[in-house]
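Got some structures for you, see below.
Look at the two complexes coming up: chain A is in both, with chain B in one and chain C in the other.
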Partner chain A sequence: MSSMATARKSWGDAPWQLWWSQLGAIFQIEVKKAIWMRRSIWIYLVAFGPTFLIALHAIVDHASVGVGIPVDTEMMATIFQVYYLRLGIFFGCLGLFTWLFRGEVVEKSLHYYFLSPMRREVLVLGKFVAGVAASTVIFGTSVLLSFVFMYGHYGAAGRDYVYHGPGLGQLMAYLGVTVLACIGYGSVFMALSLVFKNPILPGLFMLLWETFHAVLPSWLQKLSITFYLKQLSPVTLAPDGIMALFTVIAEPVPAWLAVGGLLCLSVAILLLARILIRRMEISYLAD
Partner chain B sequence: MSTEIKEIVFDNVSKFYGEVLGVNRVNLTIPPGVTSLVGPNGSGKTTLMNLMTGLVRPTQGSITVLGLTPQQPEEFFRHVGYCTQFDSFPKGVTGFEFVFQSLLLRGITRVQANQLAWEAIDRVGLREAALRKVAGYSKGMRQRIRLGQSIAHHPTVLVLDEPLNGLDPMARAETIALFEALGKEGMHVILSSHVLHEVDKISDQVVLMSFGYVVAEGKIHGVRSEVKEHPMQILVRCDAPNRLASRLFSQDHVVEAKLNNDGRGVLIRTRDADEFYMILNKIVVEDNITLETVAPADDDVNSVYQYLVGGAGGGGTV
Partner chain C sequence: MAVYKRTYKAYRGAMTPTWSRFTVLSRYGFSTLFESRLFTAYTVVCIVPFLIGLAFIYLMHSSAAQALLGVRMGNVLEVNNKWFLNFLAVESWMGFVLTAWGAPGMISKDFANSSIQLYLSRPLSRAEYLVGKVSVLASLLSLTTWIPALILFGIHAGLQGDGWGWKNLWMAGSIFVGCMLWIALISLLAMAIGVWVRWRIAATALLFATFFLLPAFSEVMNLVLRTKWGRLLDLPYVIVIVWRHLFRIEPAGFSRTNVDSFPLWAAWMSVLAFCAFSVFLLNTRLKAREVSRG
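So, the complex of A and B:
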């Protein structure tokens, strides 16, 4: 039998039904944990902090009909690129994804998963997808509300900008980039949590890497999540002063390549996580 | 698939945690029935169980359970249930959710998981508390719900690490009865304990461990008879212990005959138990002695453990 035929046979013989059921079960358990756990409160604060400020801005500026849609569009883009991408989603994903496995080790409950008739790859995938779903719900809602507050107080002019101008496309792009950011950062932080007991130091390293990747050689820039994300942001910010560090795109790539590059990078990191989880042993005392 | 193989086999298995020895060169074949792993803290019991279930990997050697390995998890964990000694649970779950969720992870339907969960909860006697949060359970209840979780999927191999810890006397008796019943159903029940007199009652075979090594294994009586340097002690209660003692003491294999204080029994120490039983029959018939009981006095896990490993044991624990 040729290797292709063998691969096709083993593909066909794989217990897909079982894997799907197990993925569904992990997803339910983990999403519930991630969204409702008490230690997620700070993630909600990080996510909805700017939303609150933008809502305040909408209320305060309502009487003077704001400072103008173009200015607010730039403000929204700045908040998204500088706060959401660099800080909010970054730290939110750090908290959520490192806890997916690290939390189980700290609470000594990972062995329940390991003693299930489940491939560890299925566990990694299930937890990752649940993490992406939870972080997307939290940060997607935050971005959506921020956008609504940013343009809502303009009344008919705001609606016109959203439905008949570039607004709706920008919103879709913001939400899409949010999902991609959760996928990219999530994969990195989940893998890091399988290597390091304390994710703070590697998290800080990651923050520096993501912040200063623009000054690195071109091939190293491609190993940064933000490299892809900022290319997909719908509004380009002027590279003025210190802001250039966050906004300059030294080597622009097409959107499809940015999306593909980020997904490829994430898949590569997940494959690394797969190797790490297969080698993992339960020794809570050592942790 | 090879579940026709009925044994659990350790083939030259060693496990080191860095430079610390877990177990060393273990060669072991465990047949169906109740098997007890006995040894003091740090003797390697938990390591052996973790190796068996794939929670840790051997540094050297291989382990198969009914011919399967944890590298085939879908098949392996359909047959294996493990109640670890970790007294921990996923956060915020009720007893029912704990069992139910672990069944869902097995890929079975919600209806079936619901039915199996209640069945297991009933078996460990926790129906009334099942909908309460596990965090509010007593230690014994937590132990029982973990036991319920490990048997809910009807495993054929049940591994239990110190399963009697924290149970009150009533629950202990019920749990021991449950293990006996499971063993009689043809299951492998492998349990570790340091309460020797309890495992002695229910074990079909024992594995004695010390400092990471298997010191002895097999049926307890077989293990005892192999301990040649310690003569067997047999207590005979009868109506003429003096006469019996004098007749027996003339036998070469009898090294001691000690009269009981109550004057109704004699404790014999013999190097050849089979020969002793034959000669006892003869003496009883010839001297017309009425026997009340004849019972081995040190043919139990506790004594065997003391002879082979040393240590406490007198109080029933090691």
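So, the complex of A and C:
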């Protein structure tokens, strides 16, 4: 039997239904842990802090109806790109995805998963999908609410901007970029938590890389997640402040390449995580 | 001696003097930190800016060295208050990473493993426990911030002559006060976070978030509410305002946005409020008893 035929037979014989139900069970447990646990409060604060401020803005600046939509559009873009993309989603994913495995080590509960008759790849995938779902729900809701508050207080003018202008497209783009950011950052942090006992210091290096990627040569800029996410953002912001002096304008990449590139990067990191989890041995001593 | 004969006896050996009991914790704190080779290596890296500063001052005053290296250092580069402020800014950020690396592990382990009660059941007060832990950080940060800065100040004063040292003695005071303020702020904050967040990794992340995420949030606050008071949450910004005042540097052209009128008293208030809040958090949690809810 040729190797191709063997592979096809093993693919067909694989217990897909069992793996699927195991994946569903892990997903349910992990989503519940990520969303409803007390320690997730700070992630809600990070995500909904700007939403609260925008709600205040909607109440306080109610008088300026109809005159400030372009200003608020730029404000929304700044908040999304500077706060959410660079820091909010970054730190949120750092907390959520690092906890997926290192948290189990801290709580001395990872061996329950490892002792159950389940492939470790299914465990990695289940935890990753749960992390993506939780982070997407939290940050997606906060971005959606921010957008609603930002344009909602304009009344008819705001509705017109959203339904008959570029508003709806911008909202979709913001939500899409949020999902991609959660997938991109999430995969990196999950892999880091499997490699390092303390993934914060490599995380700090990544934060610096993502923050200062604009001053790097254009080919190095393509190795950062923010580079692709910025390309997909609906409103382009001009470089500002001292960074503008050193910014290197890189050639933009098409949207399909940006999305595909990010997803390919995440799949590659997940494949690496698959290798790491198979080699993983539990030691509860160090943490 | 048979085991059944080992009955309880009170300790009759020499006692550590009351005033120096906290040093026992410091000693063990140092040894735990320097067990990590990476941490030791990073501590050595923190001395590099001092060596660069030393070389710079030497080169500035040695025409022979300048001729040998083929460089001419005119009056453009001057060792003055701005030079020392920049030196301290670099050293302080390196010291911040040192704190974020070392501090949470020093204290959060005691809480995570419920061993704080074991410490406080000895003749050691809560304040002494805290001083013991903070002194480790304070010593390390002093060795990488104000001590090298004062050494550079002294060397430059000696080489410059002409009464430069006496004329600029206030700068030595600024270096000391500015650094002590920074050390107190990050040490207390790191300890407070370590006490409340029992997982070392989360505590480190939270410390970084305080210094990176809060400034971004303050920018959002300024932008959305059209105010400048969001800066109160921007710790790196307010500490720079205080330092610039201590180093007698004019605020013009300094602000990152057009808001250049952030008052000095507000910056001081923000720094002191963060310190006071950290002390409050420590006081609330640092207790010899714990209520477990199961």
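The rule is simple: the second predicted complex is superposed on the first by the 270 of 287 C-alpha atoms of A that agree within 3 Å, B and C clash if a C-alpha of one lies under 4 Å from a C-alpha of the other, contacts with A are read in each partner's own complex, and residues count from 1 in each chain.
In this text, a contact is a pair of C-beta atoms (placed from the backbone, for glycine too) under 8 Å apart; a residue touches a chain by one contact, two chains touch by 3 or more.
This structure is a prediction, so every number in the text was calculated from the model and none was measured.
Under the clash rule set out above, the superposition-derived model of chain A with chain B and chain C shows the two partners fitting side by side. By the document's definition of touching, neither partner reaches A:253: not chain B, not chain C. Across the overlaid pair of complexes, the angle with its corner at the CA centre of chain A and arms to chain B and chain C is 80°, in steps of 10. Of the two partner chains placed around the shared chain by superposition, neither chain B nor chain C is touched by A:173.
In the superposition on chain A, A:272 contacts neither chain B nor chain C. Using the contact criterion defined above for the overlaid structures, shared-chain residue A:33 touches chain B, although it does not reach chain C. In the superposed model, A:157 makes contact with neither chain B nor chain C.
By the touch criterion defined above, A:144 lies against neither chain B nor chain C after alignment on the C-alpha atoms of chain A.
In the superposed model, A:88 makes contact with chain C only, not with chain B. Per the superposed model, the minimal spacing between any CA atom of chain B and any CA atom of chain C is 5 Å. Contact residues of chain A toward chain C in the complex are 39, 42, 46, 49-50, 53-54, 56-57, 60, 75, 78-79, 82-83, 86-88, 91, 94-95, 98-99, 102-103, 106, 198-201, 203-204, 207, 241-242, 287.
Those residues of chain A that touch chain B in the complex are listed here as 15, 17-19, 21-22, 25-26, 28-29, 33, 37, 107-109, 111-120, 281-284, 286. Contact residues on chain B toward chain A in their complex (touch as defined above): 17, 50, 53-57, 73-78, 80-82, 84, 86, 88-91, 101-102, 104-108, 149. Those residues of chain C whose C-beta lies close enough to touch chain A in the complex are 97, 100-101, 199-202, 204-206, 208-209, 212-213, 216-217, 219-221, 223-225, 256.
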